[in-house]
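Would you mind keeping the following structure in view while I ask a few things?
First chain written, first letter: the chains are A, B and C, and each begins at residue 1.
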Amino acid sequence: MKRRSFLASLMLVALATTTAPVAADEPFIVVASTTSTEQSGIKVRVVAVGTGQALDIGRRGDADVVFVHARSAEEKFLAEGQGVKRYPVMYNDFVLIGPKSDPAKVAGGHDIVAAFQKIEASKLPFVSRGDRSGTHIAELELWKTAGIDIDKAKGPWYRDTGQGMGPALNTAASMNAYILADRGTWLSFKNRGDLEIVVEGDKRLFNQYGVMLVNPEKHPNVKQDLGQKFIDWLVSPRGQSVIASYKIDGQQLFFPNAGSDA
Amino acid sequence: MADARRRGLPIIARNVRVARGDATLLDDVDVTIPADERTFILGPNGSGKSTLLRVLHGLQRPTAGEVLWGGAATHPSGQAMVFQRPVMLRRSAAGNLRYALALSGVRGAEAERRIDEALGEVGLRHLRRRAARALSGGEQQRLALARAWSLAPEVLFLDEPTASLDPSATRAVEDIVRDIHARGTTIVMTTHNLAQAKRLADSIVFLHGGRVTEHTPAEKFFRAPRSREAQTLLEGERL
Amino acid sequence: MSTFSESLLVAVGLIVHLDPHLTGIVLLSLRVSLTATLVAALIGLPLGAWIAVSRFPGRDALIAVLNAMMGLPPVVVGLVIYLLLSRAGPLGSWGLLFTPTAMVIAQTVLIAPILAALSRQVIADAWTEYREQLTSLGATPFGGALTLLWDTRYSLATVLLAGFGRAIAEVGAVIIVGGNIDGVTRVMTTTIALETSKGDLPLALGLGTTLIALTLILNLAAQATKSWARARFG
């Protein structure tokens, strides 16, 4: 099994990330695959794209496992019969990034909804991912919670870029705009300009990651055994401790919570 | 070196007309090219000499009329043509001959023998490995003749082959043409050089405005041409 | 400006230290684009030569289409190949998506029209010079075209370089069909895109400088070979 799976298997994992695909996640996945390579000889190939695109790749049967962070989109995926079962794996949080000058006067606060309302009220520059990623979905849900119909409210102040987290942060930095980001990408992002974290710690900024095996009944080519093995490893004590030990600049990035009902 | 297969002669053009767009290049041309002669096509500029040559060689299809080679309407093999500007591939001198011979089905030892003989005939043996396009104009034209020689064609067409050459190169080309003819190849040639025609031609086809005005033995043509246009041409030369 | 000087230092550092990770990326880029150029040449050169010497109704339209296809947007090519190679697509059973082979396929599709259109021009120009002589010697139009493919080899070398340059410089097609997987389908251009998106601009620019230097060296080498060969063979 070991040698055969090592030679024969190339397992494809579509990883949804708000993170710049390498910084937060690539070392994480490499560590995982190194460990599991020893144990089970599985090589993991990571295609790093946003949640929406990742789930689409899964729907086309081009991935064996999807690992994303937007519960509503994941539930839909399951309801379509595209996934077998959802396992919570880990969480981190989103943060609101904004210019040091903070024209909306939200810095230091812990209420994300209030911050959103202030930004919209003053029509201050705000950059959106606009790409159906987990971060984008979270951002839209926050506008809703704030009672703002963003489709009606958007104007020149709302910059819908359709980009990944890294490029969107680049854009925000050059525009001195506010932007919702995941902490991991922000920690490893180097082109910060005048931006800093302005709001954090709100329960509603909680960002849960879930993993699902693509349904082999719909897509017979899915490497069922190996995929499940990878998932089992992610939620195992060994996998969970590897997740917890991943740090950028001494800061822990992800908090394992497999087995919870998050 | 007489070639036993006499398939493509005589060449008979009947009612040949060549039109391109509005212009009529050849009009109602009847001409017979017999075997073994050195037939020269003469005429003023724009008279259609080059076009007629190409029609007889099968390079140009007439708009109307027909051409028969040895009684057949299909163009035979065993013909070669030398153009005013020699066209050589980016290969050695010998390589160009090898290419032409391969196209006519001659390869290997027989090809090498013919290449050597032909290059010797035109005095280019010492340049056999030189890049053909690096040779001088005169040398390239002699190489073109060597190429034709090696093919041992039944008919050799030449379109003003010495127009761009100096007198000594011209003389060399004429000598080679004589030798090729002596070996059994029928010659059909155009030229502007009336002295050259006097030196080489057995018979003259005179063209004017796309029509053949006479086809007479050379000696008779130069002494007493039939058409006024021919007289004018010869007079211009004398002046 | 400091980003530029910083990037130059980074580029030199990368090259001098021959960082194995970077070397792997460069070699993969070369492997993918050179293979694509070779395959595209096998398709495009004979096609261009054939169009150059043939006459058939609709030929002018075909030439126009071919010329237009030189401007195919790489992302569009990438998207189409992605849809073809996806498991949900017609060629899904080949299992080629997210592999270097898929990248080669995409780049081949991208540059084959370029090679065909440019070689058509080269052969057509040569054909006007050679047509009568080659026909007189008994060559068929297509046989003559093949002969000319060799005869115009110096000009065609430039055509191949143009195709290769387009292939190794593009990012839109390979990132979609390859997935930018580290160690598997990550090439120079996709790495530059990645590092830019991470905000590591000096590194991205350093890689870009390396890429340009690579292309420049290849072009200079080809030019030198051309000059030497032309002097020798005429």
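Brief remarks follow.
Please note the rule applied: contacts are C-beta pairs under 8 Å (C-beta built on N, C-alpha and C of every residue); 3 or more make two chains touch, one makes a residue touch a chain.
Remember, it's a predicted structure, so these values are computed and weren't measured experimentally.
Excluding subunit C, the assembly's touch network divides into A | B.
Of all chain pairs, the one linked by the most C-beta contacts is A-C. Of all chains displayed, C has the C-alpha centre closest to the centre of the whole protein C-alpha set. Ranked by distance of CA centroids from subunit A, the top chain is B. Per-chain CA centroids place subunit B at a distance of 46 Å from subunit C.
Measuring from the averaged C-alpha position of subunit A to that of subunit C gives a distance of 35 Å. If you average the Cα atoms of subunit A and of subunit B, the two centres end up 81 Å apart.
Residues 129-130, 132-139, 143, 147, 151, 153, 232-234 of subunit C touch subunit B in their complex. Only residues 12, 20-23, 26, 30, 45-49, 59-62, 164-167, 169-170, 173, 188-192, 219, 221 of subunit A touch subunit C when the two sit together in their complex.
Residue ranges of subunit B in contact with subunit C, taken from their complex: 54, 57, 59, 77, 79-81, 83, 87, 89-91, 99-100, 103-104, 131-134.
Within the complex formed with subunit A, the subunit C residues making contact are 86-89, 92-93, 95, 97-98, 179-182, 184, 194, 196-201.
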